[in-house]
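Next come two complexes built around chain A: one with chain B, the other with chain C.
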Partner chain A sequence: MTGVLAALGLLTPGLAQAQSAPESLPPASNGIPGSPAPAGVNLSPEAPPTPPAPGGRAPSFGTSADPDAWVFRIGGRISGFGQVGFGRRPKDAPANRGTALHTPPLTVGRSPFWAGPGGALNFQYGTQTIQAFVSLEASLAGKEWQGYYASDHGPRIRTAYVALSPEPLGDLRLRFQVGAFPSNYGAPGPWGWGVFGPVLAIHGYGGTATANYDLSASKRLFLEYGVAAVPEVDEAQARGTYSDWPEAGLSTIVHHAHAGLSIQNKYFAKLHLARADGRNMRRFLDDDPKTVEVEHGRDGRMDVAALELRWVADPYGQLGVTPVYWNFKNALSVHDGIWWGLDWTAGGREMTNKFLGPQSNGTGQIAAVSTEYDFSLKRMLMHPRPFDGNGPDLRVALAFLPFWTLKSQDPSYDRSHGYYLGATFEHVMLSWLSASYQLYGESREGATVDVSGKAKRDQWTTYNATVGVILHSSWQSQDRLLLAYSRYFYSHFTDSNPTAPLDRDVLTLGGSVAF
Partner chain B sequence: MGDGALPTYPAERDVNADPAAGDPELLKLHAQTRPAGAPWRDPFRTAQDLYRYVSQNMPLPADKAGSLSAKEYWAIVNFMLVAHGVQIPAGGVTRDNASSVRL
Partner chain C sequence: MRCDLVGLLALFALAAPAPALAQSKDEDAAPELPRLGLDPAEPSSRSAPPAMPFGVAPATSKDTALDFHGYLLLPMRLGVHEREVSAPGDSGTVLHTPPLIPQNYRRFQYTGVMPEPWLQLDLSYGNSTLAGTVVLASSAATEAESFYDPVRQLGISDAYVTLNLSKQLGIAFQLRAGAMHHRYGAMGAFDSGRYATPLFARINSIGETATTGFKAGSATIVLEQGIGGQLGRVPTGVPSAGWNDFGNPDAGASYVGHFHAGLGFAGLVQLGVHYASAWSQDDQNLSGTLQRGHINVLGADARLTAGRFGHLYAGISHTSASNAGAVSGIIEVLNARGGQGLVAEYLGPQSGGNGGLTTFGAQYDLSVARARFGDAYQGRNPDILFSAFTLGTKVQSDDESHDGVLKLKGGAEVTYSMASWFGVSGRFDHVRQDNARNRSAFTIYTARLLFHSNWRSRDEFALSYSHFVYGRQVYAERGYPPVDDPGSNPDKDALSLSVTFWW
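So, the complex of A and B:
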């Protein structure tokens, strides 16, 4: 009985002071339920309940562990999505020509699904003080998917790092991380990603130093500084660029700093600043077909400032708003250190192609406000009774991301604006069955040149609406099989070539398992 | 036992301490399996909530969780509530009245 009371004392600070725990009891583990400390070598406190790995290789979430024990864990994901688009007859097609099926579909705009087969194996080994992580990723979609997402990189190790989390110094908790790894910042949605992702995602070789300091019982200060580098492959290298990460003749160093305050772990405000310096060492023309327009010998720069504001408004869900500002100078010379910003960036390249314009030389300014609201209808209705997801539910994510090109050297893009919007509804009906409804939209001012050489400026808009059926093994399991139908809608400016019309009907069949 | 006596909301999860940080598909799977905004442990609003938690997770280590009798767990819950100055019914908190004892 004494042991039980002492254990309870670990959860109740006031009581813990009155009751002194016997020395024979193990110290509190960060992994136990009720601990206010972040988990060490364990799953996140927000992780859904999952069974132990087969064979007892890893304990299930919530299992207390000796903080000094060396633990090896394997997690990851396997997924595969196939898509087929139903073609439309071109205007000049002969009468006897039937409907073509396309894979990948001939569509533009955001796809609701990550296409192609792929997977990730995440290995962790260490104690709660020091841990090593390695992730083996594989995206096996071929080059035909290029332009949808990073598609053709094949198997690779992008994440391999060692993290040190020393014992707290009073109210100060430190964490150091060194190696090659991605870091995400400023996402208004849950799990550091949400519908449209973070506004600042960095990867490269380098390190971060993070400090969390408890100003009081309810206020916590967050500070972080990091450096990430993406080195070049010299363009004289006979074997060329060996993956999609380094690029011939361009190297990038990203410095990033972050400061934030959380109150009651419900209200969060964080300022994120980053600067990516691109070093252009190119000597020859056409080094890389993706960035032939890079001017020789001209270094580039990309600055990012974002203010992340989030409110965990249980039971009403989570609301996040992140205003963000980008400043570019010769950004085509800034390679892949910042790999995600306003959508996928590949450094300054895609930000230039999509938002500054091809005639901008990568110089200009962009602003955006990323907003997202996520909630569970059942959790609202059940309040004040608890609901953790084990039951029928309607889970909703609403996101809106307007952006403005404040300044660009490309007159067709200067002072233009646009938006992304997304709404996902998952109606969990049975422990094995859900219905999925998704709506994505994208619109921006665009420019093109018609056959007579005349510049034409109009609104480039595409929407897609998707309904799907999802099969899963339990209410909260992280496995799913999906069959979905998507209908695409385009503005006349978007689907402007009658001899090569875009697909409007797309069928998706796929599945994912996380473990 | 009032606000802050037990951590309803844990310290924010460090998304970048998760190897999944570079895998948006895996992050999406995580998000799809749990109500957004829900704390990982529901707050203790009544003595019944506290009993449910204590009886399922205590004592440590985890393989001993749930090893006490219901009578012992109720005794612990009563002790905790009294120690924190909660007004409890005459005769103590029991299975029958726990849901009506607000914390």
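So, the complex of A and C:
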């Protein structure tokens, strides 16, 4: 035994270093096997029901911890929005029927407001080197608010990850992040977002490794690689009963790589590449000739390539242009590992139904160019004097996103095209009062089948214009109370059901605060 | 009379200083809105005094404090799958997630080799005498999941109040009341062991637990007692379905009483005896035929905390069950939830819930550096960690096909922590689901690369590969609820990229 220990001890040579500084030794209960353990006959209810960390090196939850040098932060967002849509009288409705009120409104197209969950709490704990993040969300799920218990409104732990940022190696900074989190890329708007959001968003359990390297005082190189997996849902799960509508029997694994360059922190060019592989694990839903429209037994693939170009042209604002290309092969077998594609569209099935066509079998190609220009009028007018946002202003965002279905096996969608446009104006008049004007529109070629089975192609178009009044606590506060009126416009093809006409008028009252 | 008046005025004066003080300070403040009722955010009951310090464990604080802890285990898991039937366009070998492997936490087959998601946030508020604790937990982060599964979002999983009357009574005494779980027979020194399986029982109840302890010379005696029930039962007529975690309407309202005694010597050895009795005597089911059910556990364990010679745990227990199917998940034996879990995994469907388990387990952990250098080694240098572990149970059942079955599993892991940021590990596991049938046994070989931020850091980024060698009758679970699928072709290889971190 002594010989074995001595031999193994050769692998642990550096002890003298620790022995020379006994005054800095931590408390004895440090999780090393044989260390004193607290007296007791059971585990604390606070301890997790999990085995020790892989390998057993990291001290377990019950070990005493050094409370110094750790920082805890809590942030979040609270919101509540109510909307009422004013319905129109259906054709052939009884004459005594009055105006119908709808909540949620009976509309289609981009909504000017995103309420989000009722409350979100973000917990962060860690040091500059290691950080944990957990977000807890809850909404108004009860019967008091929804008319039934809407279990899919939470509460839920949504995002959780641990990030490791080692000490810089010269001009090279590394960051590793592992857990359950979304990664967003390619948005032409400021701060990585914008009116129509990212053209590539990835979610799942997985990780990313990121490197930033200063090529010179004015040039910085970005590199990132990531992998994520969305777990399979068993085929026997009854979809849509108490939860949303997941794809069953599919495993989706996403690989993504990114490279970028910034010059003078003004010019940015980033290339984003991603591939989502959907693995068809179906056994029962497969190859049933009676339900071929929903069951497709093939491995699938969805490839994305986007080039993000941004120019921060202070004081004239920021211009972003992101051309993006998607290639789909049997994409109905790809679940939502690629969480957002074109206009918040998730996964292979949604992208197929919306842009490739239901008869495409999920195979085809799409291209789009997401463009956005953002500016502050006051900042422009005051130039060269600075403007820090504390004063009256007109903040403007203009976005245009044309897209083309380059290739599809569905003849109704092959070589079709469409566009999204958005314009938001926020007139900040007083430290506590703003006016908001928003315009959103989308149009694309669509197809339907009439009673005789004949395919009919037409233009699916919807626009909405919104005016609103916003109250807030200071010039740049993250709180707002809002009252808005929206008017919707539809093409005949869009509002084509005479027995259930879409709402044209919508009132919104709500508020949100972020902290 | 005059003295009475002065005294009365003085009392009024004592009662009124706070508003006067507030008015003098708030002269410049915005006018206060008049109130006609309660604010929606106001609790229905009186709140405790405002929190002052943060990050101080209430148990060590004289002042009222808020304490916050958390734990994250987040893995990406991939299985390498050989497809049974490959259609044109499909690849024969696929990577998929989660792996199709026999690793159900509720069953004996579980080893903990392949990590599963677990997140929890612990919030405590109070002081050294009284503290309230709420635990928020989840076995999924919805951002990464295919769909929102409410069953895996546990919300508030534990909520209890701890009252420490040691000062008042002059003897260590703690009373804990509320909804909480206890695990007895933890095989690790600071955790529930490599198999994450308490040897005796896990008890999930709303009730109380009283703990006392005292010293007699170099001996320490710990006594613990608890009693509790569950908050409810599956209502009659509710179908067993995914949204209710496949609740069992034939399990009655259940209760549990438990008693434990521990005897420690010089911080070196701790001996314990444990007894828990869970029962149901409900009559509320559709057929009205619900009978009383019992699950009793009696066990003893020994823990050696031997400094440079490591940590050794060994224990043995006997579980006896009578009409166990009527007992709810108030008790978990070997992680099997309630009587239904016990019948499904151990006693067999023809047992009527009658039978027993004789269970034994042991775990030994050793730090080679500490063995060589003693307490001078504090974990800030290279080290080799060695762990060996085993668990077994012998089934006695009225179901002949399950009677006499001996289930065994064992393994060992060696971890070489070679740098402040890097280590490697190798693990071996062998599981015999029925010792008499080699074809139901399987072996797992696991290799890991471990990355971390420092010596003794509580974070671990692990890249793991496991290779499974199966007997001919080892099945993976599929379906909803998942059950053994003889047609399954379990993955032979599995990969995981995981992170663990706690504070």
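Criterion: the second predicted complex is superposed on the first by the 401 of 515 C-alpha atoms of A that agree within 3 Å, B and C clash if a C-alpha of one lies under 4 Å from a C-alpha of the other, contacts with A are read in each partner's own complex, and residues count from 1 in each chain.
Following the convention adopted for this analysis, contacts are C-beta pairs under 8 Å (C-beta built on N, C-alpha and C of every residue); 3 or more make two chains touch, one makes a residue touch a chain.
Computed from a predicted model, the values in this text were never measured in an experiment.
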| item | value |
| --- | --- |
| Partner chain(s) touched by A:Arg298 [first = chain B, second = chain C, both, neither] | second |
| Touching partner for A:Gly207 - first (chain B), second (chain C), both, neither | second |
| First, second, both or neither for A:Pro182, with chain B first and chain C second | both |
| Touching partner for A:Arg158 - first (chain B), second (chain C), both, neither | both |
| Touching partner for A:Ser496 - first (chain B), second (chain C), both, neither | neither |
| Which superposed partner A:Phe268 touches (first chain B, second chain C, both, neither) | first |
| Touched partner set for A:Ser431, first chain B, second chain C, both or neither | neither |
| Contacts of A:Pro166 with chain B and chain C, given as first, second, both or neither | second |
| Contacts of A:Gln478 with chain B and chain C, given as first, second, both or neither | first |
| Chain B/chain C common contact set on chain A | 5, 8, 11-15, 18, 25-26, 32-37, 45-48, 62-63, 123, 134, 158-159, 181-182, 203 |
| Parts of chain B lying in touch with chain A, wherever the complex brings them together | 1, 4-7, 9-43, 45, 49, 53-54, 57-62, 68, 72, 76, 79-80, 83-84 |
| Parts of chain A lying in touch with chain C, wherever the complex brings them together | 5-6, 8-9, 11-15, 17-19, 22, 25-26, 28, 30-37, 39-43, 45-63, 65, 67, 70, 72, 123, 125-126, 129-130, 132, 134, 136, 151-152, 154-162, 164, 166, 176, 178-182, 203-207, 227-239, 241-247, 251-253, 277, 279-281, 283, 286-287, 297-299, 330, 335-336 |
| Contacting residues of chain A [partner chain B, same complex] | 1, 3-5, 7-8, 10-15, 18, 25-26, 32-38, 44-48, 62-64, 75-77, 79, 114, 118, 120, 122-124, 133-135, 137, 158-159, 163, 175, 177, 181-184, 187, 189-194, 197, 203, 208, 210, 212, 217-218, 220, 222, 262, 264-266, 268, 312-318, 374-376, 378-379, 384, 386-389, 393, 395, 397, 426, 476-478, 480, 512, 514 |
